[in-house]
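Each structure below is given as structure tokens.
The same chain A turns up in both complexes below, where it pairs with chain B and then with chain C.
Let's look at the complex of A and B:
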């Protein structure tokens, strides 16, 4: 990595769920960082803890141990009220797989996108209206859709509106949780293109996905999470071509690849037995 | 592999058109294909492209107000337009079978999975209780479930999505069908589990000489298993040909979009050429 100060620095993070005998550790000693403008993939299977890790970074979950340094400030030690203030600052934004979770069904797209700015109270209505249109254009939505409700537009248009709503607060980190898995190919390609163009020194992206194959091409680096532990962090090129941890090898070897022909089962069985021995 | 003429192939679909009488539009137009024993055909398309309607027509379970209006489906040498409801009931399972995306929804949550498998064998194959139990355990073993006697007694909620899909595949092949349809059968699974299920389907196709029809939104999944691919969009076949032809000489822009998505955003972007053809 460059000598540049990281935007986000997570170190020694432990997260537990539940109380007493039901207490269970979801994240074990997670350490990784995101540089300004970097696009990082957080990849893991169902139950690996990737959403827990993302929600902890977002300030929704208080970690039991560890440091989350965002632009130098430690988020992990903030109290409930301070974490709430941090969330409202909009510095970190979250986009869900299902845009209906980011958009109020009773708000028009314009109202939903304007809401973060209006609630901050720092802008006049005219300024907000101008900004909403600016971000609407940036996510390539037609202005004619501004007055529609989320239920009256397509899934791809809804996801774009959710991204516009996330962007309008000018976040430094955008966390995208499976942002394209519910969309068809044409929309997936367009939204990935949009996100690729978005990454700039002022915005970093954290892509959460169970499927490395669907987002690899947009990422600079990949963090592989397996059963609550980060097992490998490297450039996407190295992860794809020279995976080191057996789970990463299995993950890369399992991804359907165009023209790869029949898969090599004996090889995967071997990796699986090695993983079991871990 | 014995060569069979198209006439004796287990499934021959000729210029199939399915009409939607709810919206008064054709839902699927002019689809033709033949699948021989031990061969696999892939159908790729978005949700709403008509691929699942084709599967339902092949199984004789089209939704109400959807009808085959032109063309024909021949199963095991017989024209399906002549089938009575009893014929269909007899053919489903013994000639043509299917597995779908959400295995849990096809199982009764309050009955152990093995018992449900044995019930199929008693009803469809007329086996005694004891034989049905023995055969069910054999089938669980055949779909590579470790400790089949133990899994036999487990309830659906105790098993992972991948294990449940194995149980459903065991049920689908219980009456030794000629044709197996896998309609988005691995879509909801983690990539590493998807690879195992795809391996299993390939193995069953080869071992039992099944005519396999793989339906997926992911061209790479289909290309891995199938020698012939049909690409569908809005109810129409936009391209059909050998897998190599579709992958390396795509003619339709929609097929090109599907390939482009992999090359730009998938692992393919990083794979060195030699490995891409591994």
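Let's look at the complex of A and C:
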């Protein structure tokens, strides 16, 4: 895998928020890459900069420093028109955390899923309708739900529809921002299974989560983000069994199902105090 | 939204009355049986077959004057709402897209307009531009524009900041597509509501202005003007003000009802409301036709 040209390459990325005295750095010198077909987990607690990093890759936030290369081309320097064309190509797609907010409440699921193809104007309506049904089946949704509005289906079905919408433009990189954190545990398992089946040599996944337990089962590698800094990158096995950075140790120790390390409170408090001293 | 609209009885009532009043505005003068300006009949006569609403203090037929006064009263109210819509809603929508300078300028302008009292501004405008109905309409329309500006801007802003618009942008949708498919359908309902409210307010303001003698000069008939002159003869004809009052109140009520209907059926809340109504109706039916209790055999 390492011999391959990376699909996404992020290097030396700095992102700042605010202006003047309120200016605050959100991402510090982030460097990582994703190979074609690889499933990478981006793990960190709330406020660690996971979503900021994802939004910077998507071009929604302009980085202050650094390079974002996708298949060799620098995304950070694209102009407005070039960026629109790149987005229209569907090469990178994004799945939001809460599908109730990311799907237009007045669009039926069919209209929402078809939108990426229809807005580009490059496909006929009949072609789009066939494709919508194809991807609807792929995410294991019943065709009877096509004419429903997002508010009329369950949380799990909504998230499947949101994934189908992302998949319909046949992306090479799918970024999923906490796709299961708004779901109950039964739906969570089903969505994770679905995502596991999605991973193929042609699609890479960047799976963002605060919960190592929910991504460890499907990721090849894990990037650990702490207070805007990437503190550890390694294979999932190595991260789970032999975490090096204290924060990663804390993450692994806090996950009840993975609890190979000590998980008593005194140990966690000790790690927290060591992290605070950084 | 349209299919939800036609299912409500209030839609038919409100839009029926509005249509009737608008038709009166267009064709009222043609239907007047007498010359609305010709006096000479019995002064302050009670209603008769020849004069269904009686005659006024100059012996003019009140029924004909009501019909002849409809265009000024009704069409000018619609004109007010139209001016307010164009001067308010379009800058309101654009303020979300055209950058900070335009936004700042229009917001300050709107704040200034809100601070001005209605009637004083209208009186000042007629003093400046001359006393005519179009000047009065223009000033009232401009004063109502901030309402449209705020409504259009607020609803466009909430849509633009939503994740589904971001999601559409991320899939490469153009600004025109986002405006047409996501923003416009959500902005049109609140603007429709504001339009109905503005037409109602416009009618009352036009009536108030003509009551004060601003905008239309006597002897031209208007509902507000008739109301003003009727008040001077309450001792002789205590019922006379009722004719223009009923028409003014009916129109304003129908416009407000139409605004309520539009608000109720638009968006997510409308769907919930209609579902609740259907549920209530189903419950009522269930009570009316009780399920027969099976007899024990």
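The rule is simple: the second predicted complex is superposed on the first by the 268 of 278 C-alpha atoms of A that agree within 3 Å, B and C clash if a C-alpha of one lies under 4 Å from a C-alpha of the other, contacts with A are read in each partner's own complex, and residues count from 1 in each chain.
Heads up, the rule we're going with is that a contact is a pair of C-beta atoms (placed from the backbone, for glycine too) under 8 Å apart; a residue touches a chain by one contact, two chains touch by 3 or more.
Just so it is clear, the structure is predicted and the values come from calculations on it, not from any experiment.
Placing chain B and chain C on a common chain A by superposition gives a fit, with no clash between them. Applying the stated contact rule after C-alpha superposition, one finds that A:88 touches chain C and leaves chain B untouched. Residue contacts after overlaying the shared chain place A:5 against neither chain B nor chain C. Shared-chain residue A:189: touches chain B; no touch with chain C.
More residues of chain A are in touch with B than with the other of chain B and chain C. When the two complexes are overlaid on their common chain A, residue A:74 makes contact with neither chain B nor chain C.
Residue contacts after overlaying the shared chain place A:212 against chain B, while chain C stays out of touching range.
Angle at chain A between chain B and chain C, computed from CA centres in the superposed arrangement: 80 degrees, to the nearest 10. Overlay on chain A (Cα): least separation between chain B and chain C is 13 Å. With the contact threshold set out at the top, not one residue of chain A is in contact with chain B in one structure and with chain C in the other. Across the complex, chain A is touched by residues 46-47, 190-196, 198-199, 202, 217-221, 223-225, 247-248, 257-272, 275-278 of chain B. Within the complex, the chain C residues that touch chain A are 162-164, 166-174, 177, 181-182, 185-186, 267-268, 271.
Residues 45-46, 184-186, 188-189, 192, 210-218, 236-237, 240-241, 250-263, 265, 268 of chain A are the ones that touch chain B when the two sit in their complex. By the touch criterion given at the top, residues 58, 60, 84-90, 93-94, 96, 98, 101-107, 112, 115-116, 119-120, 149, 151, 165, 169 of chain A touch chain C in their complex.
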